[in-house]
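After this come two complexes, each holding chain A, first together with chain B and then together with chain C.
This part shows the complex of A and B:
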C-alpha cells in the first residue's frame, strides 16, 4: 500500500467563526513558503476557497457526480493564489437532500481521480462546515483522511461550546485511526480576557492553543477584495500571524486525543469565567490573575 | 494509490463502461465499443432491477464458517431467502434491525453488540458486516467497530460497503464483496514464493459446474484452490501464493483476477467460459499452454470428443431458431454451444454489456454482424416484445422469464439449475432441449392465456424506453 502523500489537516469550528478565512490564509502562507497546497472545502455552501480564487466561480465535485466519462482534475478544481489547488465538495441547496452523504461521495470521487497522487501536495487542508450534524461531516477526520484536526474558536461561549462538542467527535474516531487533535486556533481575539479564557479551556480539555488571531480590519478589507491577507496585505502584522500559524502546522506534529468537558463541568467552567470577567469590569484584583 | 485502499471499488460503469440497457446489432455494438467514450444509457421505464447488495450477499453466502451481519433495517435480510433457494448458503444471516432511533443517533453500539454476540455463539472464523442504503446515507460508523473488535476478539471482521445505489449494474456487487475479501483477508504483500497450484475463480457458480471444472483440471494433474464459492478464509490467504488464476467466468470474477494479478503478482489466464465443446477445449488448452501440458490437454479433448459425440447420438438443432437470454458470459458461450449443435441463434438478451465482451463482439461481427443484442436485467416486457417479432423455435433462459415466454407458445429451456460447464454440460443441455422440443402441448395450452401486456406496448419499438443519458 502506498504511503499517504502530504500532510492532511482538517479545520473544524463553529459556523461563522472564521474557519474558511483562517484556512485560506494558512494555505496562502504555506504556498508562499514554497509548499504545494490543496484546500478542499467540505461545505455545501462551496465558499471555502473563495478568497483564494478572487471570488471566481468553481464547479463543485458533486456538480460532476453523474459524469461517467473520463473526469479530470481540471474539471473540479482551480489554481488559486500562489498555486493553491482549490476544490469545493459542493452539495445540495438548503433544505434538500443530504449534504453529509455528499461529503462522503465527494471525498470518494477525489480519491478515484487520484488527486493526491497527481498533484503531490505537501499539505492538504479540509475546511469542514461548522455544524457537524451527522456522520458525513466527520468523514475528513475518520477513514484515515486527515492526520490532525484543528478547531477554531473565539472566546464567545457558543464557540467554546461548539469546540467542546467537536472534541467529542475527535475523541470518538481518534482511537480507531481517525485524526487526532493538533490544537486550538484562537480567532477574533479582541477583548483582553479572550486569550486567557481560550487557554484555560484548552488546558482543561487536554490540548493547547497554537496561535491567536486578532480581530482585524485588514482581514475584513482583504475579504471584501476577494483576497487573503497574505495576498492583499503581505507586510501587515496580521499576515505575520497567519504565517506563524502555518509555521506551527508545518514544524509541529504534536497531537492529542482531547478530553471534552461534560455538561455540568462546562456550565461550571463558564460560570466561573463569567464571574472573572465581571470582576475585570468592576476592577477586582486577584492574586495570580494575569488579565 | 493501492487498488485496495478505498472502501469499495469503482462501479463497473466507471471501470468498464458497462451498459445495463441497450438494443442493437453486433456490428453497431462493436463499433460503439471501439470508441473511447461510450455514452451511458438509461431506461425511462424498468420493470424490475437487481441491486449490488443482492449480488454481494451471494458471494458472502458461500463462505464457510462465517457470520454475515447486515447492518440495517430488517427488510434487507429478506434476500437471504433468495440465497437459500439458490443453494449457496454456508453463512449465518443476522440483521441489526435498525429502528428509527438508531438511524438518527447512530448504531455502532448495536453493531458492536451483534458482532460480540455472534462471536460468542458461533465462534466463526470471520464476520462480515454488510452495508445498505440506510447506512450509506447516514454514514454510520462501521470502521471503528471493525478495528476495535478485530483487535479485541482476534477475529477477522470484514466490512462490505455496498450501498444499493452507487452502481446501475448489480454485477458491481460482486466486485465490492471481492474487494473487501481481498483487502481484509489476503494480507499486504504478495507471497515470496509461488506454489504449484492454481486458483480456480468460481463466483456464484452452480456447485456441479464447479465440480465439473475441477474434475477436468484434476485429470490434467492440476491442484486447485477454489475461491470464493464454498471456500474458507484460509483459501483467500492462500490465493496470493498461486502460480496463476483461472476463471470459471471471466465476467463475474474479473475484479478478483485483476487484483490478484496487479497487487499480488498472480498471473490471470484470461480465457472465456468453458461452456460448449469448443469453449471447454479452448479453456483447457489455455491452462495447459501456461503449464506446459499441451499434449495431455489435447489427449483429454480428443477422448471427450468421442465420448460426447457418442452421448449426443444423432441429436441436432439443425433448422431450429434459438433465442438466448442469460447472464452475459453464459449467453455468449451458450451461443457457441447452440451453433455447435447445429442450431441458429436468432438473438441474445444479456444482463450487461461492457469492454470485457469486446472479444465476443469481434468474433460475432466476422460471421453474424446483424445478430441482435438486447441488454437488460429483468425487463421481461422488452423481451416478450422482441420474441413476438423473432418468433424463435426455442428459448433458452433462466427461471425469471421462462414462464412468461412459455405463454407465447414458444418451447422453453431454463438453465437455472442445470450444470452447463464442460463436455458433460453439452450433453445435459442437449437432453434438456430435446425434451422441450419433443412435446409442445404445454406451451400451446399456455398460449391460450392472454398476455399481461397491452397491444399498445407491442406496437412500440422494442427500445422505446432505452435512451442515451443526457446530462
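This part shows the complex of A and C:
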C-alpha cells in the first residue's frame, strides 16, 4: 500500500445508535474547519452520507461495479456539504450474498481507483454498520486501513454489548498493525445516570469517553431537512458538541488497545448497574451516598 | 497437539459427491462454486485413481462464480448455469453440488433446484462445502440427496426384480478398483440367485437408483455404507448386512452362505457355486506353491489404504496366504466408534503375531511407520513408493492415490480378485528379486 494520505478514522457502534448522524456531523465540522474530508459509508443500507448531500441519490460502489467493469471516481461519489466527498460502499439486498465481502471489495476498489491520492483528504471517515459480526466488517480496522476507531454508544445494554464486541476486534487486530481505539462517543444522552454508566464502562475497559452528545430535537429536525446540524443549525449547542468531537479527533492522537469484558464480567457489570438504576428510580438512599 | 498434515489422500466433500454422481450413467453434475473446484477434482482425484476419469478430461458444468456473486449472491448465476447445462447436455438427472464460497455466502441452492423442477427438469441438489468434511462425507451427502430427492422427481416406481440387493460403501475412485470389484460382486450375487443393484459403474443409471426402495436387502461393504442403509431402513424398512469390507478369496463364501440363509435362497445352488469357485481358487493356490517358497512370498508386510481395503487385503494375505501383517495403516478416518473393533479384528489376523494397527492420513507419519516397521513388502498408494525404494523392499501400489497404474476392470475382490491380487503382488516380488540379482 502506498503511503497513507490523511487521517483515517473508523466509526463503529450498534445499528440505529446514531453512527451516521455522528459521523456526518463530525465530517461537516471538520470540513467547516477547512479540512478536506472523505466519508465512506460501509453499510448495505447506503444511507451514511445522506444528510451530507441533502438526501440526493448516490450510486453505491458495489452497485456500479455490478453494472460496469470500469469505474471512475465520479461514478461512485458525490460532493456533499462543505466539499465532503461522499461514498457509499453499498452491498447486497437483505438475506442474499455477503455484505462483509462487499465491504472488502469496495475498499479494495477505492484503493485501486487512487481515490485518496487524487482527493488528498485530511480525514477519511469510515462509517461501518452495526456490530462486528464477521471478518468482513472488521476490514476498516484491519491491515492498518484506519488509524483509529471510535465507538458510538448509548447507555442501553445492547449498545454497550456491541461496543464491547468492537473492543474485542480492536484487541485482536491492533497488535498486528490494525487500528487502535480512539475513544467512546456517548450518544443520545437523556437519562441522568447515562454519562456515569458509560464512563464506568469506559473505565472498566481501559478506554475513555471523548464526548457526550445529548439527545436533541435539533438533530431530528435537521435530519428531516436532509442536513447535518452543522449545516442546518450552526449556532446551536448541539452543533458545538459535534465541533468539539471533531476538534478532539483533529487535535488528539491518543489511542489505546481496549480490554474488553468477557461474557460473565459484562453480565455482572450490567446487573450491578441494573440494581443501581432501580435504586435511583425508586429513591433508595444509601448512607453517605450521593448521585 | 495439532500438527500439519502432509500429502493427505482424502479430498473434500465436494469431490466425494462428484465422484458418486460421475459414476452414474446419465447424471450430469453442476458445480456451484469458484472455477478451481472442478479442475482440482480432476487433477487431484480422478486422474490419481488409475486413470478412472470418466471422460478423459474434466468437462464438468460449473457456475464459476466471481466476486460479484459472492457479494450479491450467486443464485442467479446458478440459475443461468443450470439453464445452459440443460440446453447443452441431455441428462437423466442434473445434480447441483456446491463449494465453500457459495455456502459461506448462503446461496439458496434448494430454491434453484426447485425452480429447475418447476420447469420439469430432473434436478437434485446437495450442499457440499469442502469445510463440511472430506471425500467420504461427500459420498454420504450425495447418496442422501439421491435417496431423499429422487422419489419426488419420479413418483411412479418401476417394477423391481425379486431378489434385488443394493450395494453400499464402495466409493468410486477412492477405491481405484471399484469398477472391477463391483462387477465381481455382481457375478457372485448372480451366482447364488440374487439380482445385484450395483448402483455405480457401467450400465448403472438413474433407473438403478429408482429401484432402491424395492430391494430385499442393503449390503454394506464399508463403514461409509452404513448411513445409506440406515436411511433406507427408516424409509422402506429394508434390512441390511454390514461388513467392514468386500472380502477377498474364500472369505467371500461366508458372505454368500449368510445371504443364502437370510434371504432363504437355494442352498444347493449356493454350495455348488461356492464349491466350483473355491476349487478353481485352490487349484491356482496349488500352482503357486513352488514359486511361493522359491521366491520367498512369506514375509512381513505393511499395508496402507482405506479401512475396507486394509481389512480385505490384510486378512486375505494373512489368513489365506500366510504373509505376516506387520503394520496396517488406515487412511480414511473412520469414525472413532469403529476404531476399537477394527483394531481388534486386524490385530488378530495371525494369532500370536504382533500386528500394529495405525490410523493416519499424514504422509510423513506413514513414511515413518513404514521405516520403523522394517517390513519386507510395502503395499500402499503411489505415495509410499519412495520410502519403499529407499528401504530397499518390494513395493506394490494398490490404494488411492494411484498415479502410476492403469485400472480399468481389475478387481481385488471375491474369488477372481484373489487370483489377480496374487498375480500382481507375486509379480512385484519376482521383479524385485530379479532386479536385486542384476544389481
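Keep in mind that, in the parts below, the second predicted complex is superposed on the first by the 277 of 291 C-alpha atoms of A that agree within 3 Å, B and C clash if a C-alpha of one lies under 4 Å from a C-alpha of the other, contacts with A are read in each partner's own complex, and residues count from 1 in each chain.
Simple rule for what comes next: a residue touches a chain if its C-beta (ideal position, glycine included) is under 8 Å from a C-beta of that chain, and two chains touch if they have at least 3 such contacts.
Every value quoted in this text rests on a predicted model; they were computed, and no experiment measured them.
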{"item": "First, second, both or neither for A:112, with chain B first and chain C second", "value": "first"}
{"item": "Touched partner set for A:196, first chain B, second chain C, both or neither", "value": "neither"}
{"item": "Touched partner set for A:156, first chain B, second chain C, both or neither", "value": "neither"}
{"item": "First, second, both or neither for A:122, with chain B first and chain C second", "value": "neither"}
{"item": "Partner chain in contact with A:176 - chain B first, chain C second, else both or neither", "value": "first"}
{"item": "Chain B versus chain C as contact partner of A:101, first or second or both or neither", "value": "both"}
{"item": "Chain B versus chain C, judged by how many residues of chain A each one touches", "value": "B"}
{"item": "Chain B/chain C common contact set on chain A", "value": "66, 98, 101"}
{"item": "Touching residues (chain side chain A, partner chain C) in the complex", "value": "62, 65-66, 91-93, 96-99, 101-102, 105"}
{"item": "Residues of chain A that touch chain B when the two form their complex", "value": "1-2, 66-70, 98, 100-101, 104, 108, 111-112, 114, 116-117, 134-136, 138-139, 142-143, 172-173, 175-178"}
{"item": "Contacting residues of chain B [partner chain A, same complex]", "value": "1-2, 4-7, 10, 13-14, 17, 36-37, 39-40, 106, 136-141, 143-144, 147-148, 188, 469, 471"}
{"item": "Touching residues (chain side chain C, partner chain A) in the complex", "value": "67-75, 104-106"}
